[in-house]
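As written, the chains take the letters A, B, C, D and E, and residue 1 is the first residue of each chain.
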């Protein structure tokens, strides 16, 4: 009894601790390259958490798209700038204590708020239901029926991103 | 056994038209070298959209029996405003972007994409769709703001706008996620139903606050306004004109929908927020505008102040006040873009002192600027007065007299900085020769705006009621 | 069974960390990453919600968020590149051309 | 268009013609227009007078002037015995002065202007006396004041002249202030401003009181005193007498016409006209009598120490006016008007004589620099002497009868009467003294002026001397219409006035009347004798006395320092308040301070706010975060979850 | 009322405006043509306005020459014009003064001639509009619209310190007006008792508003009107505006613009908020008396010719408001008449000042002296206006001031007396001024200037005629306002009686 009651909690505990640690590292380390790498690690853990919440497709996307595409993009850009100077430069803005104070007080509120949390009504996509037709399929069906418009728009957004990247970054 | 329901596309026709033509422009750029044609296409697209609008009324995209996209009077009116600002921006852009060495075909298609995004925002009744529309608009505007990519100011504007925009949309998402958690849905109507059924929790308030912040950022209301002056100053003036109207209008559109439908049951809470924000916005906008030396910054602050006035339209939440707010938006579109078009008309018209002695060298232009300035101040018989009058009347009718008193006092103060321009034009001597760049399209824009400013001022019945 | 609050708490913490990162770091790229951090925190909570609510909308939203995040990253970095070309600056306090 | 309208209208037409065409067309001929007009109105006046004598009282409205709600007032004429006599006085003296001016003002660059003003004055004075309602009187009242302003300041290049004119006008305004309020009070209480209605209804006010700052004041007394304020101003009684001596800055004919014969007597006329009101209030009457007595004494004493011939005559005018008020005060309105009428002639004569002397002395006014003029200008001397005798009250001359009538009636009028009688008698002595001081200093002895002055001396031309002679006849004979029964006369004029002014009851006997006469004649003689002693027999005497009573002498010489006092109290203090308080502080600092201060505050608040807009985008982000934080605080604290 | 062939009021409003547009189309090089056109238009306007005088029905208090069209139906806003005994004279005065403004500016305006005359005509149109509007919204439109050309008039063609003066004038008035705007809206929202809401004044007058609302609204309107009048202590814009404005500007300001405040009290405050008016009348009268004395005494401290006259205006306007708030026939009729008088006299004085300023280009009193010897005719004119302004009987000033003081005295003896002192003070500063400018030995600075020419003579003559006319036979003008004023007073006095009666009934029950 204890085990299958404890095990998920332990799992979660591990993930949580590591993720928080990683995020803190990301925003504190001096070298941008390092923080990208820590981010990579973080993304893997997030993906893990997704699996844990049986959203395997999302986990995959997280790895492929985020880790695979976005982070690489970040790396490219970082290579562009002068790391030497970056390593000596000041990391934080002068007013960082204020910022932290504000952040801290906000999270205080958030916690105050979310332990009042009451979850909404449950829908028909129970774990069993998703297990029945695979997660990917379930997602896909929704995406191409009800959310077709959203899907198209997402496409357009990416198009705009491409155009923008070209317009802004290309030589002429 | 895959049963995909192909939903009814009719209501989305305008959006489809505009996106298609935007995409088309991207390809046409390879064919046509003369960019004038793009402007033409853009305008005709707008016309087509307006033409398609009436026949597109209705709702669509049924997920579990609820609509996600709704095309009604409300959205139609805002789409009208978007189209007007789009057309005017295109008109004032044509020659200007040549002068600014920023003449790319993408310019126009991005404008169209942005417009598409706004239209989606205006029509969305599903938070996901709303978010996507917002991002579509935002991303296009980021690019447009930075499109003068050889100009450091333009880059700076873009990066500031982009980072803060991303920051705010993160907050929006967090709010949405909490709301989703509370209600298990993203459809505004369903959210409303569910919230009515359950009692108010702190979490709900939190998510509401987060969403409010994101939207208030979009309409540049204090204290989320600080990006506006910098971005307006740095961005190409034509884009500034566009940004000062389009995204603002879109922001108001979504505020109207989300808060009136979604958060109906906690109206008292968010009204309180908006009252505070409105007062702060009016005060900050007007007071800071007093001390500006750059006219684009001044107009930025003035547009912040105007956002404050429009918020007064949101607060009472009556039918009357909402329509008043929309009318104000429309009028504001004309007078503000009009003012910017004068700025564009001048070779160098960014600094307020550039206007000294304009009345001597170019009386007509000075007169036009005068009209726009007085309209922004809200002096009859210009449209600006009708707008203010309308909003104030609605607010007082809903019992917010004290709020209106504050507003009118500040609008009187605002006269000071608008009159500074007039003063420079009419009562100071010319320092150096003033060069102007008239062009058919630009003149058309100016004539159109000034005409509307007067027509609405004298025959308001065409916009109200 | 892990209570839902834990997930929300986790996402909240990460969100705030991201926010603090955004508010404190000078380097624009790191700020951008902080935003990504915030978005991911949102994703976590969304997935958690959709799991516990036995509803799929949340996950769809996550999908879109990831897409948009990608687009944002692309544009943001593009702007950064343009800026970098004109003025080799990646620190927020180096781009204060316009103020007041 | 009947002749009553013509009386005032003709001079007005003359004015209009002269002021518009005088400069271009008439130039040196301007006087013809004026003289013809005045002559016309004189003739009309005489015929009107005859009508009145035959018992025909004219009272009618010409047109209604102001109509507002229940307030109705019209332009109209009331010509009764009182008015009739005034008409004669005004038109006749005016006519003579016009003629005189032809010679006196000859060659002045403002020639046409002078005659225009004279005509305008005649018009205004006639409007004043002929009006049948208070507002019209007020109209004439202010109009004559205006004319005197013009004429005193006729030589406006001289600062002293301009100042004098202004002073006259403004001091009169002080009087008119009271007058005006009196008018309003009458309207509010009686609902009308027409004499006939006022006099018929005023009785109903008896015993009514009005509350002023907690004191209950008798209504009639209040009204009477308010009206009297006007009289005090116009007739230069204490404390508003200061303007009249300065008025001598004007051309001498003006002094004769306005500041001796007519305008200054308007006050007396008004009091007499309102005798039905005054006689209802003991207090008011007392005030009038005392004011008159004090003024006459006061002015006479000042006259003793002056050397400027015109100023002496001016002060004598003030004192004679005091006499008239004294008369009214003791209820002897008829006597007052009688004296007014005689005084008009001999005082005009004195002035014109003085003018004639000035003309000969090339504008020299100091009697100390004259002497022995009688050889050079006999006509002037004779006429001047007659006038002096007349004013001194030598029996047989006009002055004697009127003055004696006053003293006699005063004597009859209870305690106040007795007091003022004593004062009057003293004044009689003083009058005789200073009048003959002039005679002896100016006309007797040997010439004390410069040589060129000496052989410039000459008798004035006909156009000047003829009016003198005519006036001299007036100065002698004008009184004969009022010879009292005691001297076997009929006191015709007294009876003539009775219907309007009533007749004071006489208790005392003829014996006492002779006594009163005797005393007054005696004191007059003494005065003349002393003057002869001082200025003819032992010319060093006055110097010695002046040394002896230096204090008194300087006080008199400086006219009791009244001018200085007013200058300090009113003029300086007003300017000080205006400059240092109103302009400097309230407007400058307080109001403007706020008006300009608030925007300034807003501006530099803006400037400070501007500092927050650092351009550093994280600061923007932080402000957003703070905004969020504040919102959350408000929401969650207020909700408490 | 007699019918006139054309919609007279609309014509009077829009003819000048059309004229302004016409002028702005003329080639700017042809100055004389522009001037002639302006003169012609102003003359035509005046001629067309004459029927108001001739065929005005003095027997009725109703609005006359009315025109009514729906304008903004959804807000119940009408384009409603009409005049009664209170407003008719101001319309005439406006049309007359505009002509004089055109002629007096003939040579003094050299720069931006086109804009100047356009602005002038725009002001005329707006002014007439203010006096004719029977719809609050319409009224407000004109009321505000006038600010724009006036602001330019002061700011563009004004004196050395014009920028400050112009902005001060504009902001001062605007702050007042916006508060009135709020008041107007509140009024409108409360006008729906038992009927459609509307901005129609005549309709509003039929409604009796609750006392507390009346009070608030009274002060809201007061804010606008008091600034315009200007009443103490919000008068400080006037000296600056008057001093810096060009002659025509000062004339318009003194002649019409500041009358609109007092007119506002008459047309709106009193009939719409009778009870509040009655309650506030004492306060208003006290302010007025302060203005009279304050404005008078402060004149002694002035060194600038125009500034002195400006402050004297403050004092005179004090008389006017005093009369109006005496709330009795004499007071109000006197007040209205005095508005006309002050328009004529002070307007004329500013015309005179402008004429001599064109010659000497100085406004410092110290630079003058002995002018009477140099310019006798001019001196004569100036004297007449001076006398009129100190209220000498026989001039228009006397009739007005006398009636006002009579009215004030009826209302409150103390205030009446205090107000009367204003007459002494007035005589003091005006005569002192006159002496310093025209008397005493000639100041070399003004030596050798020629006397006024025919154009200037013709500009002043009409004023003289009016001064004398009103002075000698004021009934011509008083008779115009009789009926309307009576009606107004009845309205004010009977107000609240009904409610009190009802309350009494309640008590009895």
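The rule is short, and it goes like this: contacts are C-beta pairs under 8 Å (C-beta built on N, C-alpha and C of every residue); 3 or more make two chains touch, one makes a residue touch a chain.
Because the structure is predicted, anything quoted here is derived from the model rather than measured.
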Number of steps on the shortest touching-chain route linking chain A and chain D: 1
Shared interface partners, meaning chains that touch chain B and chain D: A, C, E
Set of chains adjacent to chain C and to chain D: A, B
Per-chain Cα centre nearest the global Cα centre, belonging to chain: E
Greatest separation from chain D - chain, by CA centre: A
Most heavily contacting chain pair (counted by C-beta pairs in contact): A-C
Inter-centroid spacing, chain C versus chain A (mean Cα positions, whole Å): 7
Distance from chain B to chain A - Cα centre to Cα centre, in angstrom: 31
Whole-Å separation of chain centres (CA-atom averages), chain B against chain E: 44
Computed distance of Cα centres, chain C from chain B, in Å: 26
For chain C, residues contacting two or more additional chains: 4, 8, 15, 18-19, 22-24, 26, 31-32, 49-50, 53, 55, 57, 60, 64, 68, 71-72, 75, 79-80, 82, 92-93, 95, 97-100
Contacts with two or more other chains, residues of chain E listed in rising order: 171
Touching two or more other chains - residue numbers and ranges from chain B: 63, 128, 132, 135, 139, 142-143, 146, 149, 158-160, 163, 167, 178, 180-181, 184-185, 201-202, 205-206, 229-230, 291, 413, 416
Which chain pairs touch, all of them: A-B, A-C, A-D, B-C, B-D, B-E, C-D, D-E
Residue numbers on chain B that touch chain E, as the complex places them: 359-360, 363, 370, 374, 379-381, 385, 389, 392-393, 396-397, 401, 404-405, 408-409, 411-413, 415-416, 419, 422-423, 426-427, 460-461, 464-465
Of all residues in chain C, those that touch chain A in their complex: 1-2, 4-10, 12-21, 23-27, 29-30, 32-34, 36-37, 40, 43-44, 47-57, 59-60, 62-64, 66-75, 77-82, 84, 88, 90-93
Residues of chain A defined as touching chain D within the complex: 93, 95, 98-99, 102-103, 105-106, 109, 112-113, 116
Interface residues, chain B side, partner chain C - complex: 63, 128, 131-132, 135, 139, 142-143, 146, 149-153, 155-160, 162-163, 166-167, 170, 173-174, 176-178, 180-181, 184-186, 229-230, 233-234, 291-292, 297
For the chain C and chain B complex, residues of the former touching the latter: 4, 8, 11, 15, 18-19, 22, 28, 31-32, 35, 38-39, 41-42, 45-46, 49-50, 53, 55, 57-58, 60-61, 64-65, 68, 71-72, 75-76, 79-80, 82-83, 85-87, 95, 97-100
